[in-house]
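Alright, structures below, take your time with them.
Each of the two complexes below includes subunit A, the first together with subunit B, the second together with subunit C.
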Partner chain A sequence: MTTATLPDTDPPKRGWYKRNEIAVTPWLFLAPAILFFAVYVIIPIFQSFSISLYDWDGLGQAEYIGLANYQELMNDRAFEVSLWNNLKWLVCYLLAIPAGLFIALFLNQTVTGIRIYKSLFFFPFVLSQVVVGLVFAWFYLPNEGLLPAIVGWFGFGPVNVLGDPSWATYGIILAGLWPQTAYCMILYLTGLNAVDPEQVEAARLDGAKGWKMLWYVIIPQLKPATFIAFVVTIIGALRSFDLISIMTNGGPFGQTRVLSFYMFEKALSEYGFRMGYGAAIAVVLFLIMLVFIAYFLWSMYREEKGH
Partner chain B sequence: MRSTLKASALALTAALAASTAFAGSHSLSGDLKIFLDTSNPAPRATMEAMIARFQEQHPGLNIETTVIDREAYKTQIRNFLTADAPDVATWYAANRMRPYVEAGLFEDVSDLWAEPAIAENLASTKGAMTIDGKQWGVPYTYYQWGIYYRKDLYDQFGLSEPTNWEEMKSNCQTLLDNGVKCYTIGTKFLWTAGGWFDYLNLRTHGYDFHMEMAAGDVAWTDDRVRQTFANWRELIDMGAYVDNHQNYSWQEALPFMVNGDAAAYLMGNFAVAPLREAGLTDDQLDFYQFPAITEGVAMAEDAPTDTFHIPANANNKEAAREFLRFVVSAEEQTVINNGQNLGQLPVNASASIDDDKFLEQGFAMLSSNSPGGVAQFFDRDFPAEMAAEAMQGFQEFMVFPDNLDDILARLEQVRQRVYK
Partner chain C sequence: MFPRPIQQASAPAQTAYKTMLPIALILWLLPLIAVAVFSIKPASDFTQGNYWGVPGSFEFFNNYGQVFFNSDMPRYMLNSVLITVPTVIGAVALSAMAGFALGVYKFRSNIWVFFMFVAGNFVPFQILMVPVRDLTLDLGLYNTKTGLVLFHIAFQTGFCTLFMRNFIRALPFPLIEAARVEGVAEWRIFWYVVLPLMKPALAALAVLIFTFIWNDYFWAIVLTQGPDAQPVTAGITSFNAQYRAAYHLMSAGSIVAALPPVLMFFLMQKHFIAGLTLGAVK
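Entry: the complex of A and B
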């Protein structure tokens, strides 16, 4: 009797990695990103929390003071001003989205040289924020600037946008809107390429035109572009720092500071020796950002579920 | 004749022998890392030339110089003092060095100050370098503050240099009547307003009161402080300052004076160079000491001092000390502070002042007409946090003088926290 040689059911001995390949490989690929994300983002967040509980000049001994930094923030008017300015930035900066949309709609046509017009409109986004700030600061200059000259033609008195505490922030936001609008425009221009011509045709047969066409047919199709435009604009508003630093340096008398600028002034600038207080401001800024971050993550999660 | 020649030859040989012996005992080796904040072209060249001369004297030393942008240096110093310290670093005197002294990051160099060459010649700046009875560095230059003015405009309207408050105001009124602003100033970066407060306070109440304030012993809501601001307000209400000064840096405020829209500028001596470059001749430009306000108050001046320090974590402290000795020596002080170089005042009493009318006037003022004392500057005498808040308050006051009560209450709050 011959025994049929059965195929060897016992596989050759495989290494631990081979056995766990499916489970381990994704983590291996993720490891570098996780490592850097942890070291540069996650851990510093917790460090900020812990530093905000200390009175520390960045050089000597840190002294634990509990929530005293936060208590002081509550009565700090400069903080209050910065917080309001952050809000102004958030609200006004969103104007970049409709403005970008309308410029995109305007440019979404085929005429000779349209590429040149598109690139001209996109140009401000290519400029460094520092250059934008300088150009606008000159534009606003009280005596020599272009704006006072224009206003003068219409017979209005002298204006000093950046020197007037009630106007300075809006002046800076306007400077920021210029490149931000260009950014939103480019997002919508690509979005418009993806608009389905058949749907537009069908809508036209049903008699839709003008605003109705825009509102009920075009804009819903632009939803992904709108979402990205919203995200980049909110982020842009919250990290407005360079324009303020260049145009007013937080002045006049601290009326154009936002939280990020105030944090820098308190902790890291020439006279800033209050690491704990700066960290407390950073924590507040983080919590504000967290609201938006949570919203973005949630809507992205919902999107993924939907498909 | 012959014997004298012989004698002098002998003396020469003896001197030579002595000097070689001296050099021999100080032969230095190793690396010497020097960090400088003198990033403007002229100071940078001055410093580099000075270091080259030091190198010539000590060929065995490997000197490595790093020049950092002046503004960036102010924030970077915290990092490099703790992490990767050089052997020599520039900084500023008085309270500006306190955080680093208290954190133990600057080397105590009292031993240098005990040496006769330094003790005898640098006595005038010793106070500014002293914290807790020890010296923490050496100065290398200082400069006067005062009022730089358009002499041709003053002559045109028949004005002379004022010596008291009334004259100062009446001069100003004449200028205003002729459509010229009395003073140019750019307060965008705040510290220029600190200069005005310094002088008004020093003239109203004197040096000792000013220093009591700097030490936190006087409330900002004190009536004496209010009096200083009341004097200031007189000028503001007259319209003495150029409009919209909150928009300009100190450099951007210079054209008002160059174009004749404003007649004077309360500034440090570093303003002379750009004013000359802009085309003002020495016949058009002149200088006077800030006039007296309260009679009987001794005149006191601002004269900010720039300094060299040895970080506590330095590796080659012996060479660093030799470098500090070299920098403050009379010869080097004469050279680096002359008109071709820094154009400022030498800190060594045996050094000679360059032939420049502003330096001569400044030196005469500081050495003979400042009996009250010499302050550093608002943001160097007052602790950093207090200075930052106060200068912002000064700017607000200069634009909205009616906010004074609110400003002072705020500053008082800060004072109570800072000096607790």
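Entry: the complex of A and C
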């Protein structure tokens, strides 16, 4: 036993990083993501708020005009139409949820080849909205389309879905419902997989079946799937842009515009480069979405606290 | 199991179910089947008004040959690949790190940073459009693939971080504790302990982001123009303008443009669905 170095008497010189490792590491790991996200997402939101107070063509000098853009919005017929169409989208798009549940129930069997059926039913979701829009636009073509042909066999007159101001929006929504229903279907199929078989059997012994079983036993257990279906469907409805741009480009007579499309048209198309006015429209859309985002976050927050 | 397995139903009901399945599927995919049939028709079918009848002749090779060798489509496809692949790598890398930080460490602002990513992921694109376009112009990246990639990485990081963090939360925490007790450095814990366990999440996000970015149209038309940088979603519209009313070519072009995500989906179905359900529905 000689003078062996005792680690306790001479604590190793640990650097600042080593001493604070647990506190500092998460921020090092977060730094790149936060940097990217701040530059491209968070800061632009505030910039848009500020741009909406200016009259600016995107190139020249921006002129501060206060709330004048918003005042103009109040009397803008096209803005009103867009807002109404957004509401139509929101309401009709939610049909994807029951429709998806219905298809999921239809497909939740174990017969040969059912897996392929499930994937093929899901197929439309994988297609880009551009392709979905093209496909439906051809489907609706007034003379050559398949829909008028089918309607014709039943003896009805010619239909021009996308050319008719009162039908065009619904025609586009239907195209959007196609992939969205597929998405909801897959959510419910995975949800149905996790339904507790014992509860189902117990309810069966109690004489529950059909609708009652679905409503009181199955749907409560599908709550997580329903929540996600709501989130993605509402966000999808308010984000609708591609389909409108491809199928009607806002027409006929601007009757299929929604806020997201109208904003783009005002800020960045041949109709002019009114960045300030466009930003004001975007702010309105953002505030509408914020209501839903706040609700989603609140639900998630409660969930987190519950754990 | 709900609904009651069809095997327990009467024989006629079983037969009815089995015949309804293909019929329902054909109805469901009718618009797509129509386009597939369009894409192998000869041009003469359309001029003669034979839109929905049997194809006059089988022109698969001609039509698709036109798309591949006689148009800008291959360039658009290549652009799409060069935009999509770096985005997938970037977004997955950034969010794996961010998800690790948010999933493993407890610090006061943790949940707020997390909510920032979640909320940002839900905002409408239009609120970002003007400033992001400006920024891209200022950086000299307008109409470049890099400009699109940088934005896509940033935006997708929101969704990916949500997914990664929830996935890491579900991992066995004692494993990390054990490594710490052993004195393993934190970044080594990330690299050697957590990352290998995250493979399913990485795969799920990779296929999902691939599909999202491949199918993006809005940012493609905001940040790029022309065949130098535009991806195939935007390119297909100029392709269609070029072949106006040539439905056989437009159909073939659309099918080609849609194919990569479709292949991705059928090859990686399990991961894809795990990603879509946000891992919340198992």
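One rule holds in what follows: the second predicted complex is superposed on the first by the 294 of 307 C-alpha atoms of A that agree within 3 Å, B and C clash if a C-alpha of one lies under 4 Å from a C-alpha of the other, contacts with A are read in each partner's own complex, and residues count from 1 in each chain.
The rule is short, and it goes like this: a residue touches a chain if its C-beta (ideal position, glycine included) is under 8 Å from a C-beta of that chain, and two chains touch if they have at least 3 such contacts.
Everything numeric in this text was worked out from a predicted model, so none of it was measured.
In the superposed pair of complexes, A:L268 makes contact with subunit B and with subunit C alike.
Judged by the number of subunit A residues each one touches, C leads among subunit B and subunit C. When both complexes are overlaid on chain A, the residue A:F253 reaches subunit B alone and has no touch with subunit C.
By the touch criterion defined above, A:L162 reaches subunit B but does not reach subunit C. With both structures placed on the common chain, the touch criterion links A:M213 to subunit C but leaves subunit B unconnected. When the two structures are aligned on the shared chain, A:V291 is found in touch with neither subunit B nor subunit C.
After overlaying the two complexes on the shared chain, residue contacts for A:P142 are found with subunit B alone; subunit C is out of touch. After overlaying the two complexes on the shared chain, residue contacts for A:D57 are found with subunit B alone; subunit C is out of touch. Of the two partner chains placed around the shared chain by superposition, neither subunit B nor subunit C is touched by A:L67.
With the contact threshold set out at the top, residues 58, 268 of subunit A are in contact with subunit B in one structure and with subunit C in the other.
Interface of subunit A with subunit B (complex): residues 57-60, 72, 77, 141-143, 160, 162-163, 248-249, 251-254, 265, 268-274.
Interface residues of subunit B, counted against subunit A in their complex, comprise 71, 74-75, 78, 81-82, 99-100, 102-103, 105, 188-190, 243-244, 246-247, 379, 384-385, 387-388, 392-393, 395-396, 399, 410, 417. Those residues of subunit A that touch subunit C in the shared complex are 21-23, 25-27, 29-30, 32-34, 36-37, 39-45, 47-48, 51, 58, 105-106, 108-111, 114, 117, 119-124, 126-131, 134-136, 138-139, 144-146, 149, 178, 183, 186-187, 190-195, 197, 200, 209, 213-214, 217-218, 224-225, 227-228, 231, 235, 238-239, 241-242, 245-246, 259-260, 263-264, 267-268, 275, 278-279, 281-283, 285-286, 289, 292-293, 296-297, 300-301, 304. Every residue of subunit C that touches subunit A in the complex is listed here, in rising order: 1-7, 17-18, 21, 24-25, 28-32, 34-35, 38, 46, 49, 51-52, 94-95, 97-98, 100-102, 104-105, 107, 110-111, 113, 115-120, 122-135, 150-151, 153-155, 157-158, 161, 185-187, 190, 211, 214-218, 221-222, 233, 236-237, 240, 247, 250, 254, 257-258, 261-262, 264-266, 269, 273, 276-278, 280-282.
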